[in-house]
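First comes the structure, then the notes that go with it.
Chain naming follows the written order as A, B, C and D, and within any one chain the residues start at number 1.
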Amino acid sequence: MIKKTVANVREALEGVSDGMTFMLGGFGLCGIPENAIAQLVTLGIKDITCISNNAGVDDFGLGLLLQEHQIKKMISSYVGENDEFERQMLSGELEVELTPQGTLAEKCRAAQAGFPAFYTPAGYGTEVAEGKETREFDGKMYVLEPAYKADFSFVKAWKGDEAGNLIFKGTARNFNPCMCGAAKITVAEVEELLPAGSLDPNEIHIPGIFVQRIFQGVEYEKRIEQRTVRSRN
Amino acid sequence: MLDKNGIAKRIAREVKDGYYVNLGIGIPTLVANFVRDDISVEFQSENGVLGMGPFPFEGEEDADVINAGKQTITTLPGASFFDSATSFGMIRGQHVDLTILGAMEVAENGDIANWKIPGKMVKGMGGAMDLVASAENIIVAMMHTNKAGKSKLLKECTLPLTGVGCVKKVVTNLAVMEVTQDGFKLLERAPGVSVDEIVVATEGKLLVEGEIPEMES
Amino acid sequence: MIKKTVANVREALEGVSDGMTFMLGGFGLCGIPENAIAQLVTLGIKDITCISNNAGVDDFGLGLLLQEHQIKKMISSYVGENDEFERQMLSGELEVELTPQGTLAEKCRAAQAGFPAFYTPAGYGTEVAEGKETREFDGKMYVLEPAYKADFSFVKAWKGDEAGNLIFKGTARNFNPCMCGAAKITVAEVEELLPAGSLDPNEIHIPGIFVQRIFQGVEYEKRIEQRTVRSRN
Amino acid sequence: MLDKNGIAKRIAREVKDGYYVNLGIGIPTLVANFVRDDISVEFQSENGVLGMGPFPFEGEEDADVINAGKQTITTLPGASFFDSATSFGMIRGQHVDLTILGAMEVAENGDIANWKIPGKMVKGMGGAMDLVASAENIIVAMMHTNKAGKSKLLKECTLPLTGVGCVKKVVTNLAVMEVTQDGFKLLERAPGVSVDEIVVATEGKLLVEGEIPEMES
């Protein structure tokens, strides 16, 4: 068994530096790598490019990095819910590349699985396809989209083991599995870190080969963006 | 004239037994409330869940179980969770039978614009471009005219497109229309709405053939 | 919940006919759809094209269909271990298309996920790439491979539920998940068919949306091709 | 001169701490028996398992747990199972550090042929084409000459190729060679084998620079 455990978030993020490109898992605030984001704020590195489906809210998630003006460019499918984001984008401080959500997921998976590019119908005939190669297959039009290239992937899982194997919970899975192994170094933070052999090999969502470093995360807030409930009557 | 719930209720009648359905944010979300309970339908949310149920009871919210609108949800028996690549595999691979979403504009050829207004803050297309590029059956739920009173059913979209030639049906506060090769074919009038009112409110080509029935309520 | 259960293998295979293309899961004899294969023999349909990583052995798996001369064409990555196969191939009765194993898996996954084709480095510079489009990305050469098109997928899972959700066991998983939803109709046979709600939504390998029919399989032989053991000393 | 186990033993020394390794059928499979036990290595099998262990004890064979050679195996703590698309994602995405496989021919430019002999029954390439097209580090384990005594290390392969310019190292019964831009660079002699014997047995360009050490045993 190849051991991937590191002591803490500080060790886990060794090697990050200004100007790098990061992938960050999560959908809204669900399943985001809270510890890694906090550490990026602490380290104060600048000019980051973030590949992340969303951009957090003003005071949480990637919003924390936006507050400190650490992000140079966001690559996302949806960036609402964030006033500071809007201010920086409209003022030209922040570069934004909007990508269809399924294309974003597959550009990560392509990087993970060694595909240089892929054809998707999403965005054909729209400004997303401008300047990109398009092509017809079986009478339908597709856009060629290249795989992402990133320096680090930061993902959050529910359970993990020393070998780097990961299991996600509910819809906190989202982009996290697609980003594992999609960057040069994948850092996984987990709610529960277990000895190798604790997880059923049949139930693992992401094999440890896709993860370089894993650590026990701390103090998860797991904020809810839209608390919707029904009455019990 | 229909209100938002009325539009949702009418669209719910398009949901057939055995359908997997993806509901967009806004009016489409309301559709789930009106689907007949004698048919089997599963709702997919593109953030990675199939078999969504109602909102949780207070105190039972789970931050790890949300829909694409970031709302806390529950799951029903037979539900499953999966990653985003698999989720869009379901959508792109046409395993989802019906997509219902809102729009700012629909053109008579089925083009749709619903993600960007130049000059305004652009929040992004989310999964809409994937959904409209892939789904075999797309129904748009929207008001027939915008706040300025201008038609949202156009000859050509004026806003940046989300997808081309993809919308199959449009249900508005005034009417139900099918998108055909020749334009919007008027199928039903909303209660109390005349054909003339619909004609006036529709900028794109509207085909009115024979007697147009009033929607069943 | 959309119910996918059918009473038995006979109902499950309704609609199969001469000349169709089938995907069949399994690696060697591990994880093969034993019941579906037996039913195809019973039905006696002819001129089948089979997409399957292997071709079974003489008296089991796809070998049973070969014995009855039901297969017109095999699309596989490896077809050893089968004398009748060899005989039919050398005599020209059987058409064989050999495809690299990873390409085979991805051609199924592409069909499942709506990708018309993909670029893979496998087979570049070899006869597998002859007549195919090749292309350079980042200094490396790739071959364009189209998604498969098939009429039925026959897969075998360990546990399944009424909603068509599947969980596979060990290496019997192999090609089975990639073939789900990759044909017009996917038929899953399972060792254990359970009511909806019995499986943890977090542990499902293949969501029911990729499966049209599911049934309780019977009399699994689960033959071992190479029984290798070590002594207990 | 090395026997098959000797070749496997020598190749085992190329396996470094932290490596994920894919072993082909034949001599490569034997490599697992000789890897130092003070380093951490995981073996991947392309049919869908990572963290393979030894064969099971008699009576504990599980038909659902096999390797790519269809042999019954066990798994070690930290193991995982996955589908074939994911498995080749590991391979194509270069997450597997080292691939060891057999060959019929290797050319001085790193081309490899190991799947087809025209006129004979062709069993197929299995996962070999994916492995050689993707792996960053490929070591070939084979006899230096074929049964007819002809060199298997050639200027150009005569058999249909499995992959082009991909082999990094070759370990045979006679020698260890690195594939360089200029040809096969002789690194080590097998015990009791002279440089001349290797030169004679090698048809492709062999670079002999300085003193060639005998392999450590």
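By definition in this document, contacts are C-beta pairs under 8 Å (C-beta built on N, C-alpha and C of every residue); 3 or more make two chains touch, one makes a residue touch a chain.
The shown structure was predicted, so the numbers you read here are calculated from the model rather than taken from an experiment.
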Point to revise | Chains touching both chain B and chain C, listed by label | key: A
Revision key, fill the gap. Comparing A-D with A-B, the one with more C-beta contacts is A-B
Review point. CA centre of chain A versus CA centre of chain D: separation in Å?
Key: 36
Point to revise | Whole-Å gap between the CA centroids of chain C and chain D | key: 28
Check your understanding: In whole angstrom, what separates the CA-based centres of chain A and chain C?
Key -> 33
Practice item. Scan chain C for residues touching two or more other chains and write them down. Key: 109, 114-115, 120-121, 168-170, 201-202
Exercise for review: Check each residue of chain D and list the ones that touch at least two other chains.
Suggested key: 49, 81-82, 85, 88, 91-92, 134
Review point. Each pair of chains that touch: what are they?
Key: A-B, A-C, A-D, B-C, C-D
Check your understanding: Which of the residues in chain A end up touching chain D in this complex?
Key -> 1-3, 109, 111-115, 161-163, 165, 181, 195-197, 201-202, 204, 207-210
Study note, to complete from the structure: Note: in the complex, chain B contacts chain A through residues 45-49, 54-73, 81-85, 87-88, 91-92, 111, 121-130, 133-134, 160-164
Review point. Touching chain A in the complex: which residues of chain D?
Key: 18-20, 40-42, 44, 49-51, 75-82, 85-86, 88-96, 134
Revision key, fill the gap. Interface with chain B, chain A side, in the complex: residues 27-31, 53, 76-80, 86, 89-90, 98, 100-106, 108-109, 120-128, 158, 168-178, 205, 222-232
Check your understanding: Which positions of chain C touch chain A when the two form their complex?
Key -> 114-121, 137-138, 140, 142, 146, 167-170, 201-203
